[in-house]
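Data first, discussion second: the structure below is written as structure tokens.
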């Protein structure tokens, strides 16, 4: 059963990936990526990473892709010309590189002396990869990474806002205003979802000052997003 | 006054003269400079005489004195003292040099009186005398070389005295360079000797030479050969002689002093001075003798065909020095030095007389243009004849005795020295021939226009002063014996100088007459050469033979000359026609200049040009500079071309790098 | 299934992502391909996490997700800004800077 | 289950140790909030001052913790002399970045609050990166560093090049991150640990140091970190991004990113991967040599000063890499020393470029500095000193820095790399001297002083379109603070060239942080 | 009497900095006064120096960079004493010469010029390898600025070439110097120490020595310059401002020669012996090539430039003869050449002013109304061609004797250079002063101001000619020590070395031959 699921998921992941690369229309590429992500989530599940799989579907396939779709729609990613000024030789080079890289990575993976790689891995309890276990790790061993991730999200949001913000004298396309505003609204949403996803499962008992700081700093970002 | 003080004063006088004249050059007139210069040299002569007498006062085995003023350079096992070495030989040379120099200075005061560079002239001339005296009195190899080079420099300055003449400057540089070659020879010779003796001091070297060196030891022979190179270059011996004829570009008194009487005999002095070495390195000495012989013959033949009055005398000088070199190389020291002395007298005299003639001709030097000057200038004629007789070794003139003594001593060596002996007599014939060719052509015959003018009491003035060598119009800004040039007939100073020399050329033989009638010279020099292994004695038969042969040959030469140039004036032209090849060969001076030009000058010049035009451009700038910058530039443009702005290329290169790195690591595992 | 299969899939996805970055000209799609590469890494992390039976790999995967989101956000921001400046949304046209 | 959760205790947090990081992030937050206020005083004076204060506090706190190395937050980070030193360099670069950006267009365009918050965050990322002893922290630090920079590069949005550089940096940077990440994944796979110590233990285990998976992982890490450090052949983003980014950002980036990248390279390679040293050592040596050559030849003939300095920074990366290759304490201290040197000399140069860029209207083209020897000695001298120092002329700090690197290379049996360093310095003269020549030996270009302060009309008609001579370039003349930066950095370049002792103390303490090295 | 070398070293720079602060028209006098003070100090040194004592005197030794073992160590011994004095003299002359002219931006000009003197003095006095290298590089920087800003036509390219080319060698030397220190410290296990005295104690392995030697040789040969590394020379010489050129050609090139004796022979004796033939051949090529070029080119500056190549070839010959005679000659010759070539360049400047060109084809007949100039020029020319009786000849005599003692054939070939020197020096003299007057020439006597600069320098040349022992006796002891280790390796060491040092009870580390040095 697991084998079959694996193959289905693997084919989905690879197919999705290939689709991303080959689809001429960015919109379809996004859709292909969604396929890929969902398949990947399945693979994660097979590897007993339940929480990550869930996050994958919710955050990635859900939130981030929505963002994508909006931008594609805004920018109007039309069909991309096949021939580029860079010359088509790059296409060949790309294929060669990708192949070589794959072979090298395959050698690395298959040629290793680690025997564990030829197993399904040790037996683990159902707890492994469960939200509880991950939450525990995030709040103990990886507390710093966790906090820094939240700050990273904040600053990325700020950055995106200031980049995409409309400015006097520079923005001469009033028709885009609405989409633009939506785009801005979207960032805190994405941010919120991420932190909520992570934070909700920890329960609010464990919140410490750093978390408070995250909460606090989210606000101005969001505020600016709305204000501009 | 002690011997050493007197000796140092010999050096100090001309040096003081030089300094005074050159430092005061703006203040003093040429005339004053001439007086200062002459007095300085005269004083030197006086001190030389004093030193001579002091030396004679000393016991015979203590007649070699070294004295040092200060340590000049002493380090690393080399000790150079500012020191002199006084022995009969150096005093003898000092006497000759300062004596003749005094007379020539005197002559110059008149001869150069109208020249704009008179002050400069006397400064140079005094400097020359200082250098020459330094040369002969040097107490070690180092100072010898210094004097050696200084006379070369003085010679250079005086040859190109009229420095706007390109011929003069060319001759100057030629003389200088060949002299430097001689210096180099001397230095190298010194090195070879120093390698074994570890001293530069003469006294120590000579004292230890026989202990250190085995006969004909290679290093010593090589060293002596290098010394000979120095001697040859200075004394204008084949093949280093080509500068001497050109050196006649200098004022005539200069030719007289430097290029006849003193400097050019330095080679003779050198060999005599180094006799303890040469007598061990007999091979080297033999080479010197052979070259001397070759020179005396070659120069003699060239002298026969030259038409420039000064050059004829110059070749004659070469030839006579050939005799001396031959003599001292064959251990005939006294003969060689005796001839050196008499030659100094009569050759100086001849040049002075020639100067007088040139004055009369308005600067013209070609004997083709001269004729019948006998009546116009009787004093000059008389002195010229005296000099000519002495040169062609006519009894009882000084040259007769000295040349005879010289050849006699060589003959006494026997063996292959007979060749030298015979060659000497052949040379004697040539000497008489070219000397009298000169005299007959200049003084005999119908007077030329200039002579006629002079007979009328008026000195000839050319319309434009031209360079006798190439006919170029002179740039008279800087002087020359200009319109007011003086000839011997008119100037007391010149007459005194020439007269004194004429007397000396006549009677100087008395110092060393045959059959040991008088032996002043050999007695005086004996302490120097006493240790010489070659000793002469007896053989009065040979001496008699030589005396007679000498006389016969001289007479024959004079008579032949008379026949060719006086009795049958066309003979010369006919001979020229018949032996045109030979004549051409001789007129071109045996093609020595051409050979040197072809073998040495041109290759060097070519190397220089090649260096400048090709090597510098291609290798130094091309390969080194251009190559490096080229590689850098090329790689720069390559790198920048890769930086083409295409984002995807950048990503590609990044990933390419990664694949390569992975590949490397895969190979590592 | 053995872990190595997961890893092979991961390697393949990574290579495909690389190929996409090198071939696509639309920056939006290039960003998607970058996501592919990150996801490949994520898969590898989770595979290894399973293999070693420790949770570190999974944490890493979560962090990567955050990072991926941030990168995408900023990337999209720049693309939007470019679009506003009416610059072509095509990486091959970005050649002002070169040499 | 509740009981289980109740048993869970948060890790011990050494607040003193983590205080520099908190200071930076806190300052970023405060600045961000203050950015909301519209008052001119707040935006143009208070915010930059606060940013500087933030950096200053971080430096001060770092100095306070200098003698108290500690492992922080359950093995996520370590604070030791090395990380403090590198963090200090980054923070100092941040201070200078703030000063250079103070009245710049970039900060105004981006919004003062956001701009400085990004800068602060980036430095915080650097601090995390160099302190990380865990690959999760490493990665998050890397991104915390990079993402603000992507944005900062693009902040002069009026300028096409700025956006271009932002996007290029982002895409290539992400490729680099992904590569690094995959490498980390493989290393994790090979060793089963995300801790440096764990990785080192894993690699130390028998045979693993030459296992293909581990080695491939190292290879990918080389690519990923090499990218950040601009090591050839991963350097290509550098010139484009440096040129396109706003000059204050470039200045900051050139120094701070380099410092952080080498910080992490050293830490990761000399701690986590030390057992595979004989595998990666020769490779990095070759890369160092290539980098030196590529960087130096690339810089030749550039007319954009920023671009030239970008290439030069590639070359400097090559020099610095030598210190990594040898993996000795001497190498570490040489790198730290050189980074300090690099800070002052590079900042002096960039300050001058900023000043001239705003004044001359010729952008960062080399013609903008022509003749300033006569007209503006306060800028000319620092620039000259900086160029001479970069090329390693004695009596400058660059000289001592090079000596250290060469000495480390000889000490580590990589003498040929020492030779490469001097060969590189030699090539570098060709372009550094060109700058010096422009400063002193050319007359000021005629009419080269266009009217200032007219926005788009800065470039007078007829002025050729030069590199960086963008019509929308910053129109306002630089304030005294830019000149001050130039002068202070110039003086420091000379001062530390003559009295290098203080820098040595820092560098050697940093070197001693690596207990595993000799 | 205590003499602080630091004062000598920094005085010029201090004067230069002071000159920056005062109005431009005073700068020159301040800098000139500074250099005169240095000269006075140097003369004091000459008198005060204890010539019998081996080893350094007046040592200033501070640990400069503790961590790298770099010392700020200055000292005087026989190798640098005379060169130091010559440096002070030549710089004073060059300053005095430059002070007669108006320079644009005078304060900067004088600052850099003064800086240059400090750089050179530092290179001569440094007793620490890195300090030496630092000053060696540093002294080029002022040259760069001086030429670049005040030079002749085409200066930008020329000075760039010069700077990069000469720094190429210097940077290699830097690497080699650092390597020397590190390797020595590895060998001894002691903390790294770059002081010459410390480095000399432990010899490096032969293979390390070899590449290090080559790097040092590259630096020195380029700086001299020696054939075929002189590519920078023609353009550089053509464009340098005359006073700078005077200092550059006279002094900076000597630092390189000095470096061989100070650094290379004592520290890398095995390599010195190993590469002896190579160095001798290079030096010989320099002599021949420089001479050949000098009588082909027509620019008077370049004639002197190429002649310098030849002269420095001689100096290298002397050094690598690895004989005391040669080394002594080289030291002397280095001083002599500096003393002679500096005024010669000034004469060339005067000639150019009279002929309107530095091309000797445009000159001619200039002696006419300028007898003093002609006399000075003649004296200098003769000294330059090393006429016996000049101190230059003493130098050459010793040099060639040294070469003769070690390689006879090379000595004989080298004499060609002596002959050629006479050709090219007289050629330039004749073409300038003699022959027909050139088309645009104007013969005039030197002015009083010119004379005040030139005549003292010529007098020094003459004084040296009369008493070269003055220099020789001061370097006598030190030179033996400098070449001793190389001689030990070569197997030509005299036994006298013990005799020199033993009675004085000196245990200078430089003297003690390394135990393993004997093959």
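As written, the chain order gives the labels A, B, C, D and E, with residue 1 at the start of each chain.
As a convention for this text, a residue touches a chain if its C-beta (ideal position, glycine included) is under 8 Å from a C-beta of that chain, and two chains touch if they have at least 3 such contacts.
All figures in this text were calculated on a predicted structure; none of them were measured in a lab.
Asker: State the pair with the higher C-beta contact count; candidates are A-B and C-D.
Answerer: C-D
Asker: Going by average Cα coordinates, which chain is farthest removed from subunit C?
Answerer: Taking each chain's C-alpha mean as its centre, the farthest from subunit C is B.
Asker: Taking each chain's centre as the average of its Cα atoms, which is closest to the average over all protein Cα atoms shown?
Answerer: Of all chains shown, the one whose C-alpha centroid lies nearest the global centroid is E.
Asker: Roughly how far is subunit B from subunit C, going centre to centre by Cα mean, in whole Å?
Answerer: Once rounded, the distance between the two centres reads 95 Å.
Asker: When the C-alpha atoms of subunit A and subunit C are each averaged to a single point, how far apart are the two points in Å?
Answerer: Each chain's C-alpha centroid was found; their separation is 8 Å.
Asker: Using mean C-alpha positions as chain centres, tell me how far subunit C is from subunit E in Å, no decimals.
Answerer: Between these chains, centre-to-centre, one finds 64 Å.
Asker: For subunit D and subunit E, let me know how many angstrom lie between their CA-based centres, rounded off.
Answerer: 43
Asker: What are the residue numbers in subunit B that touch two or more other chains?
Answerer: Residues 640, 643, 645-649, 651-652, 655-656, 658, 662, 666, 669.
Asker: For subunit A, what residues touch not just one other chain but two or more?
Answerer: As it turns out, subunit A has residues touching two or more other chains at 86, 90, 93-94, 97, 101, 104-105, 107-109, 111, 117, 141-142, 145, 149, 152, 155-156, 159-163, 170.
Asker: Going by the touch rule set out above, which residues of subunit E reach two or more other chains?
Answerer: Residue numbers touching two or more other chains: none in subunit E.
Asker: Would you mind giving me the full set of chain pairs in touch?
Answerer: Touching chain pairs, listed by label, come out as A-B, A-C, A-D, B-C, B-D, B-E, C-D, D-E.
Asker: Spell out the part of subunit B that touches subunit D in their complex, as residue ranges.
Answerer: Within the complex, subunit B contacts subunit D at residues 632-633, 635-636, 638-640, 642-643, 645, 647, 649-651, 653-658, 660-662, 664-666, 668-669.
Asker: For a test of understanding, state which residues of subunit C touch subunit A in their complex under the given definition.
Answerer: Going through subunit C, the ones touching subunit A are 1-9, 11-20, 22-26, 28-29, 32-33, 35-36, 39, 42-43, 46-47, 49-53, 55-56, 58-59, 61-63, 65-74, 76-81, 83-85, 89-90, 92-93.
Asker: Quick check: in the complex, which residue numbers of subunit B touch subunit E?
Answerer: My answer: residues 22, 25, 70-78, 80, 120, 142, 145-146, 148-150, 153, 156-157, 160, 163-164, 166, 169, 172-173, 176-177, 180-181, 183-184, 187-188, 191, 194-195, 475, 477-478, 604-605, 607-609, 611-612, 615-616, 619-621, 624-625.
Asker: Using the touch definition up top, name the residues of subunit E that touch subunit B in the complex.
Answerer: 161, 165, 228-232, 234, 289, 292-293, 295-297, 323-325, 327-328, 365, 367-368, 371, 375, 378, 382, 385, 387-389, 393-394, 397-398, 400-402, 404-405, 411-412, 415, 418-420, 422-423, 426-427, 430, 433-437, 467-469, 472-473, 475-476, 479-480
Asker: Please give the residue numbers of subunit E that touch subunit D in the complex, ascending.
Answerer: 65-68, 70, 105, 108, 130, 133-135, 137-138, 141, 144-145, 148-149, 155-156, 160, 163-164, 167-168, 171-172, 174-175, 178-179, 181-183, 186, 192
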